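Here it is, the structure in full.
Letters are used for the chains, namely A, B, C, D, E and F, taken in the order the chains are written, and counting of residues starts over at 1 for each.
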């Protein structure tokens, strides 16, 4: 067996349990996602990633729904299936409708197309953008 | 010389001029960006890309600023320098503040980090996300 | 059926068998991985890829474990699931511990995050790095 | 200074000179591109890369122009500016017209858009494609 | 359930049916692929993507087989499994042989290798390519 | 002007100065790189990124040179020029020789090639790797 094991709460050490408890409390969920159960194989990554994510995704100048949609857009650009699935679910929970998802993915698609056109055609940067 | 030439309005044919005119009218700008002047080397691409972009970026379930920010996030994920520069400018014109840009790029960074952690650790998709 | 077939030893021609034999001898394994059985559908690619890989991964200024870990890091960055699985196994065989894997993926994640921050913020290259 | 130096013919050792000579003869050019002069900093990479490239790009079931265009398409997808520039030049030398370049980049753009739509929408693979 | 549903013809509205009918007529197929059935969840994306794709993939300066092979090369570079499967099938239908597929993927592989060598070694662009 | 400004020490607020001081102390350098001076435009990103990076790159089961080389490999895979330049310099400072750099980039190149071959050929994952 090569892939890492899921670390469930019952078998987790205190450092891991403390993070799981904070995730469940912050997100008001009964259990943590597989993402956390896998990176718990390396407790420093679990703790650091959760702290960074909690801070980054908190309400600020951008609201949590916009942040989740940006997350989803980047995950689609990177082709990370699990990330797309989990952040689609998270964005829907925060209010993303079918219509909003449709428009979001249309923008991701158009940006991907024009990103490659710009690169392939070697568009020179104009002074105004420096 | 290998790179494509910028097609200026004065030397453009009627098909290209019609697109330039529509871009300038729609965006209320005196001239079009280098992106358009380069892809005008292939007029069908110019016309089709502008039509698709105009439709995709129009106000809908998502407002134009959110769409510009999604565009910028995808461009940062793809590493397209020109695209990042031009869509940062476009998003600022639509109201993106320094603080919003800072949070946007923080989300792009975190998404990139966790996208790779998910892939590298081979996180299994849970039933709830299927 | 669209996907390519696995070419097993018993049905392989002499050119393919010679490569399989060399892989098994070099790596001291009873059979070759699916990767080789698939690219054997195009024998010149099988031979050329094996020769390049054997030369590139041989001990040199870098030891084989470090090379396997670099391979794994690149595969995680590119999101190639099969490659991640097979090179995680190969690196473990050469001595990569759980702790080393945890740190390796943490570095991959941080590099991915800062790569996108650099690009998104358009950090200018300093003279010292030219 | 951090970046690698260009290794010119006059200062190169016999292993590097032999590769340069073969490139110049095969391609009928007076000097090799910067790509070769830089990777000559690691002679085994220079030799191995040239041998693989010479074999891969030789006429076969696909003609050399089609191969150059595929190379260019991949380079545009990966956003490698130098590669786009040098393979645009190489494809033009083999007969790629302005119109062909325009259509090639249009296909690259459309493929990039639909690749992300497929991933973002999580399109399930149908039986017929397994 | 998080993933989008397949929209079958029987349940589709008139805008979606019109696109499905045009795809079936243009390609002479009894049913549309899952790609279309999924993006039909956002009818404007379905219509716009089909129109762009139909125009882009039509015979022009490049023949349809070359265009399908370029599409496949980009999809392999982006790591989109569904896209690789469906465009491998489409290219085979237009005449791509086993040998051509083998050479195509060999070029994709070599381009990927040299793209990263160019970037990693920071090869400077020569004047001739500007 | 669209690109962000470099925040120099003299004009920085106390939160930014504290991070700059810690970077200079930890790395024993007279000034911080442009990367830090740019992300200082969003102080929470500066602080969080530095803390994560300091923890991730500290000696552990992997030594600092190996970590820098992994960082460089990922940056080459992502095509981030600034990151490649700054982490090549950092790895050299920690002892990476010309020969090691040559082998590192050869592995990055080979991994990139086989990553795309695996994906393009759709190699099925064997049971042993699950």
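The criterion applied here is as follows: a residue touches a chain if its C-beta (ideal position, glycine included) is under 8 Å from a C-beta of that chain, and two chains touch if they have at least 3 such contacts.
Treat the numbers as computed from the prediction; the structure is a model and nothing was measured.
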Superposition of chain D upon chain F: rotation angle, C-alpha, nearest 5 degrees: 120
C-F or C-E, whichever has more C-beta pairs in contact: C-F
Chain whose mean Cα position lies farthest from chain E: F
Geometric centre distance via CA averages, chain B-chain A, whole Å: 21
Averaged-CA centre spacing for the pair chain C and chain B, given as whole angstrom: 34
Computed distance of Cα centres, chain E from chain A, in Å: 27
Touching two or more other chains - residue numbers and ranges from chain F: 2-3, 41, 44-45, 48-49, 52, 56, 74, 76-81, 85, 89, 99, 102-103, 105-106, 108-110, 112-117, 119, 121-122, 128-130
Chain D contact footprint on chain F (complex, rising order): 79, 85, 88-89, 92, 98-99, 101-103, 105-106, 109, 116
Residue numbers on chain F that touch chain E, as the complex places them: 72, 76-77, 79, 81, 84-85, 105, 108-110, 112-117, 119-122
Chain F-touching residues of chain C, taken from the complex the two chains share: 3-4, 6, 33-35, 38-39, 41, 45, 49, 52-53, 56-57, 60-62, 66-67, 69-71, 73-78, 80-83, 85-86, 89, 97, 99-100, 102-104, 106-119, 121-126, 128-130
Touch list for chain B against partner chain D, complex: 2-3, 41-42, 44-45, 48-49, 74, 78-80
Touching residues (chain side chain A, partner chain F) in the complex: 1-3, 44, 48, 52, 55-56, 128-130
